[in-house]
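Chain IDs A, B and C follow the sequence of writing; residue 1 opens each chain.
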Amino acid sequence: MIRSKNLFVEKEVGRRDFLKLSTKVATVLGLSPAFIPQFSHALEKKDKPAVIWLHFQECTGCTESLLRAEGPDLAAVILDVISLEYHETLFAAAGHQIEDQLHAAMERYKGNYVLVVEGAIPTKADGHYCMIGGKTALDSLKEVAKDCAAIIAIGSCASWGGIPSSGPNPTGAVGVGEIIKDKPIVTIPGCPPSPYNFLSTVVHYLTFAKLPALDDLGRPKFAYGRLIHDQCERRAHFDAGRFAHEFGDEGHREGYCLYQLGCKGPSTYGNCPEIGFNREKTWPVNVGHPCFGCIESKVGFNKSIHELSEVPFAAPPQVYAKIEETGNTTPSLVAVGAVGAVVGVAATAVAMKAKKLPGSEEE
Amino acid sequence: MKIKRRNFLKGIAGAGVGVAASPLLTGKALASEVKKLKPNHVGMLYDATKCIGCKSCEVACKKANNMPIEYDPAGIYDAPRDLSEKTLNIIKLYKGPEGTSFVKRQCMHCVDPNCVSGCPTSALNKTENGIVTYDKDACCGCRYCQMNCPFNIPKFEFNDFYGEIKKCELCRTTSLIKDGQPACTAACPTGAVIFGTVTLLLAEAKQRLKDSPGDYIDHVYGEFEGGGTSVLYLSKIPFEKLGLPNLPDYSQASLSEGIQHTLYQGLIAPAVIYAGLAAIAFKNRSGKEED
Amino acid sequence: MGHAKPLGGKIFTPPILFLSALFLISAYFLVLRYINGIGYVSNLTDNQSWGIWKVIGVLVGAAFVNGGYVTAFFVYIMNKGAYHRFVRQAVLFSLLGYSFAGLSLTYDTGRYVNLLNFFIPKYMQPNSALFEVGVCITAYIVILAIEFLPALLEKIMPEGQAQGLAAQLHGFLNKILFLTVAFGVVLPTMHQSGLGQLAMLFGQKLSPLWQTPLISLLYVISSIFMGFCIVTALECVYTSNFKKKEYVRLLGTMMKVAGYVAILYIILRWIEVVRNGAVGQAFVFDLKANFFWLEWILIIVGLYFVRNEQARFSPKNLFLGASFMMSSGLLYRLNSYIIGYQSVQGQSYFPSFPELMISVGMFALQLVLFVTIVKIFPVMEKE
């Protein structure tokens, strides 16, 4: 039985579910099956880290995505693994009651709790665009972050601003990293991110007592280390130059590459093609719609969906030597100057000498 | 005295101009030894219509000859853009109004090579079986071979403080001994490039032209170009578009050597002129001593 | 024997110091070249493998200093004894020029130790025009050195004495002069033609504005008029006194002959351009065509300055005529090896700064040596 605190969800969770989760996590992290018992053991431990989950400018999609995680019912499992002290969606309480709960939790677990942030934080007009319980999101974040151990920013909104930050960004929405500078921050961008990216990060931390390797934007490398383009099942079509040009045309029906329709796979980092979403493990390209780069700041909600993506590297099979490779040397300015100087000096010397010579024979 | 000398000098001058101008009049080489194709000369036949651009030949060549990996300017691994001191054999792609075709470029092992003729220290030689070989111990690095090769094949290690010339040598010290054929022909999955004696390959090429005339341009490139090459080409795309230059039917080496031999054969002409000049100088000197 | 005397004067004048500084810069770059390879200091690539070092250092350099060739012919074969006064300075300039041309090969070849293979029978390849040029130039340097030796000997010889080793050697050299002088005419003819012959193997890679079977003859002819030009020009540079009519007439006659040779050269060149069907290409006015026309402009202007006897009385005209005709001949060599040469479409070449400085510095050193030697040794004849 789960010990649930005022939760709407009640489920039976047994050992098998822990094992299933461990297997999934091992796969997502790219670790060998030898780690599964370790994960399972960590999950079963009773000393659970306290988690405070704040919501700001968000649609709650990230929470919902977590709740929709299937096989096993991971929401239930994870809620048995962590001690969720504050969550506006999942808690039955409301109003002053829940606010008191928040402050009590902050006090009790001071310095030790993990802060999960979902949603962007508006900064214009002193942050008045998002107020909860009479406090701006900005103040709320600063207050709760003060005594936390670490921050996980889940979703693109909390990671870099997400959809609220798309131009002209009237509320000045930014990600957590723009506001809090003195705490370790892991970002799990996506709209929503696969719940397994979040879950694997947490389980990794529980098992190994440290966070997985992060890139310079704070994203776990196991999930965001490679371009979607480099894992896409339609990549061979891109390399061979086979593209869909319109929705429903022959190329589209043949399942050709969607680059010409604006797929942002070449400029977005993520693992969507690898692990997919939902029970069928599908993802947008899989069902015929170009990726729009929801993970990547400056791409998702920034470039228009059908605008062609930048392709940072050409695929090797597309690179053939041309018949004539021109090997131009652009002359250096110094060299040109030197040549000019030499010719100039020679010409001047000749002219000067000629001037000195008698024009006609002296009698 | 004066008149005699003047006539003598006029005679020499006339002879000199006449000799040098004779190519102008005859229009062709006064070749004494134009190299010809021998029945045991080996070479390759490359059929561009069969090539799929898989580049196995590039990979096999690098492996067999221990050549280092070359990067494309954008940093792509193992993607040479042209022949170089690291790449002896390359596949190039042509896309144009006539269609798409690949072309394999490497040393053509010409029948009468410009490089062999021009090399001052015998570093490049045409062996008994027709392979054009390179000897680094003879080479002085003057790079004349680079200037005179009509196909721009020899490449020099400019960034080495004591560099060598690099070019395809038909794997003569590696695959040719081990497998009886060069690495590229052994690796080709479609048989687009095959190895054999040039005379047989030429017959095969002509047979293919006869059997499927619509598939090819009716010409075997290398049969006569530049005096003939040991590597022959068949293609559906015009050869010039594939980067194979439109050369006359004689080798430039035969033209140049023709003039060279006419002027200097056995150093007779220079010796005669020398003797004449020395005699005049001697006579003048005796005259001057009375100054 | 002539009345040659050392010019005397300060050795380390400001121009000499400036030229020496240029040489020091080039020495620095040469060190870099030997440590890191040719590619490190130059813009030479597989597609343009001969650049200004070969073209300016060897080809242009060899033509620039051809005074020794023509004066030897004029004086010892045509027996125009009056021109004898020009011989020594021409020989010295040639000796320096050819020596430095040979020296440039030690840094312009990739495997310079194997240059010795030119003289090892196992490696010799007489079919090659380059082989002939190399051997011939080496022999010519030896001949020039022998021709110049009397000037060195005269410096150390006590005046008027017929004894002493130096004096004996001096006498001996004088006796065999007719042998060395004959070489001094045959060898340059051979290697100048060889230098042109090299371009024959380029085939179509050399534009039809320059490519022709006659190219070796054209190189010989152009080197002849260039030889007269350099002698005239050098005389004008060094002489301050043009009062002697006879002296000016001598120079004038040299330029007259040069003029006729130049006209022959123009006619032959144009016959070949027409025969190649390349006249149309001259009117495309791309880089090649423009440099092609520049050659003709320079030579016509030069010929204009020396057009008739009246014009040739003026030292100014002689100097300018010589300079312009000289430039045209130099440009011909630059054009036939670099401008007119195209190995692949779109290929272009421009020397890098270190590459340029090496050529400039080495030429500066030649000038320094020439000026210093004529100041110390009896080379120039002054009235």
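Just so we're on the same page, a contact is a pair of C-beta atoms (placed from the backbone, for glycine too) under 8 Å apart; a residue touches a chain by one contact, two chains touch by 3 or more.
A quick note: this is a predicted structure, and the numbers were derived from the prediction, not measured.
If touching chains are joined by edges, the resulting network of the protein chains shown connects every chain directly with every other.
A summary of chain positions shows that the Cα centroid lying nearest the centre of all protein Cα atoms is that of chain B. In terms of C-beta pairs in contact, the better-connected of the chain pairs B-C and A-C is B-C. With centres taken as mean Cα positions, chain B sits 57 Å from chain A. If you average the CA atoms of chain B and of chain C, the two centres end up 31 Å from each other. Chain centres here are Cα averages; for chain A and chain C they lie 70 Å apart. Taken residue by residue, chain C touches two or more other chains at 45-47, 344, whereas all remaining positions touch fewer.
Residues of chain A in contact with two or more other chains: 324-325, 327. Residue ranges of chain A in contact with chain C, taken from their complex: 324-332, 334-336, 338-339, 342, 350, 353-355, 357-362. Against chain B, in their complex, chain A makes its touches with residues 313-314, 316, 319-325, 327. The part of chain B that touches chain A in the complex is made up of residues 53, 72, 74-82, 90-94, 102-103, 241-243.
Within the complex, the chain C residues that touch chain B are 34-40, 42, 44-47, 49-50, 76-79, 81, 105, 108-112, 114-115, 117-118, 122-132, 134, 177-179, 181-183, 185-186, 189-190, 193, 197-198, 200-205, 213-214, 216-217, 272, 275, 341, 343-344.
In the complex of the two chains, the chain B residues touching chain C come out as 5, 9, 17, 20-21, 23-24, 84-85, 114, 117-123, 136-144, 146-148, 150, 152, 154-164, 226, 245, 247, 252-253, 255-257, 259-260, 263-264, 270, 273-274, 277-278, 280-282, 284-285, 287-288, 291.
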